[in-house]
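The two complexes that follow have subunit A in common; it is paired with subunit B in the first and with subunit C in the second.
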Partner chain A sequence: MADIKLAFIVQRLPYKSENPKLAATHAMAYQTVEILLEDGQTITPALCYIGEGVLNCVKDQKAMDIYGITSTEMHFKSCLLVDMDVYVCKDDLEKFGISEDRIADAEDMGADKKVQIVPFEAIQKVMNTANHLLFF
Partner chain B sequence: MKLAVFVSDYKITVDTLDRLSAEKMGIIFVGNGVYHASIKENGKPSFLFDKSAHFYALKEDLETRGVDPSGIDSRVKAVTYGDVVDLIMNDYEKLAWL
Partner chain C sequence: MAVLTIGVFSSLIGSMNYDFALRLSDAAADKGHKVNLWFSGNAAGSPIKGQKHLKDYSHGEKPLKALLEKGIEICTCEACSVARGVNKTNAIEGVQWNAMHWYLAKIYSSDRVLHIGGE
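Moving on, here comes the complex of A and B:
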């Protein structure tokens, strides 16, 4: 049975809309759709942040402290915690002058998975191999 | 006229702000507008700094986005909600939200 690859591409800024958070929650939902799949069929999601979307990945977001809402950072980290492949476009980080050490990881939550900061070409490859692209 | 303009988006696709002029203008970055104060796209500061204005950025919105208020563009003053209320009540006669 086939493995269906889904690429969730986040290109929008955080907080103005729920879009970037929805990308993460939709991607995480892959774990709950097993009942809808046929035997042997699997879903493999990948979450990719490009363009202004990379600003979702900056660590130390204080949304919960200030506005009482879950931060985009927490959604991002939760995806790592469930061993999802999470890619952040290195080119766009450089474009916005954001150093790689400002990108969140989920080590504090016990995640083994690391965020992958990669050139756009690598994200393009993820998109090429995906069965479906979902833009947020 | 003393005009305070709230900028709540990073990409501004309309040139309204370019057309606005005032004897005294304040530009207050809120929401995703705070990225104007905190990032330099391709090494260049936001084009909004070409305006002759006083610049402010809402501290709460900077911190929400993981931005340290002490590291923003030196032309911008980080302000709290309380400070914004003071600006509205004491420093500017009119307000615009872009």
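Moving on, here comes the complex of A and C:
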């Protein structure tokens, strides 16, 4: 098998624990994993935010001002910058009353990739096609 | 023989998840499986040596050493560890230090992955 698909599922709140950030940093490691793999072996990550995890995706986070740490939003945007597929559950955004225009994107950083706000069914399809699921 | 990679993100003290991960690793190794253990997040504070074994708390040092002796590969996230004051001079010998791509590379060649998230 040349390519392994990993689905990183984020369902925890931002800042209450470090898990959402770790999901993003672990997913981004697909960029450097090739140094430990053979030629032709690749890992393709997908980062999916569901449940309370969608709160990680809200833009204009002030983590640096308040906590003195980089924001979860920056991690989210960095994933888009490295061309990762990033999915946000539309159903859960609606449950929290969060409109789609409040979700961060990385256009200001020059990212070509756009966040994909999709129904939970679409995220289930991503999970079904993944070789391994990693819940954060 | 299968290859099992376990990612542990929970702390040594505070829940029994870490303890469970080590016991599962031990059982899998005893059955002849190849096991890789990855520590990140709060679990990266666990490979520190000189732990005092108090009866009320989970204890990681002796079990970790035993797993290393069985040939289980154990690696900690360097950034997560040093952020918690664990560095190569005060860490348990035999534990590897690397970045998150170590975990992904082990996942690549694993038959099963068990990802035990943090608190």
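Brief remarks follow.
Just so we're on the same page, the second predicted complex is superposed on the first by the 135 of 136 C-alpha atoms of A that agree within 3 Å, B and C clash if a C-alpha of one lies under 4 Å from a C-alpha of the other, contacts with A are read in each partner's own complex, and residues count from 1 in each chain.
Heads up, the rule we're going with is that a residue touches a chain if its C-beta (ideal position, glycine included) is under 8 Å from a C-beta of that chain, and two chains touch if they have at least 3 such contacts.
Computed from a predicted model, the values in this text were never measured in an experiment.
When both complexes are superposed on subunit A, subunit B and subunit C end up sitting side by side without clashing. Legend: residue contacts after superposition of the two complexes on their common chain; A:4 is shown touching subunit C, with no touch to subunit B. Contact with neither subunit B nor subunit C is seen for A:122 once the two complexes are overlaid on the shared chain. In the superposed model, subunit B and subunit C sit 90 degrees apart as seen from the Cα centre of subunit A, a figure rounded to the nearest 10.
When both complexes are overlaid on chain A, the residue A:66 reaches subunit B alone and has no touch with subunit C. In the superposition on chain A, A:81 makes contact with neither subunit B nor subunit C. In the superposed model, A:30 lies in contact with subunit C only, and not with subunit B. By the touch criterion defined above, A:14 lies against subunit B but remains apart from subunit C after alignment on the C-alpha atoms of chain A. Closest approach of subunit B to subunit C, taken over C-alpha atoms in the A-based superposition, is 13 Å.
Overlaid on A, the two complexes show subunit B and subunit C touching no common residue of subunit A.
Touching subunit C in their complex are the following residues of subunit A: 4, 6, 12, 17-19, 22, 25-26, 28-30, 32-33, 35-37, 41, 43, 132-136. Here subunit B touches subunit A in the complex through residues 8-11, 31-32, 35, 39-43, 60, 63-68, going by the rule given at the top. Against subunit A, in their complex, subunit C makes its touches with residues 7, 9, 40-41, 99-105, 107-108, 110, 113, 115, 117-119. Subunit A makes touch with subunit B in their complex at residues 13-16, 52, 55, 58-63, 65-67, 71, 73, 95-98, 102, 104.
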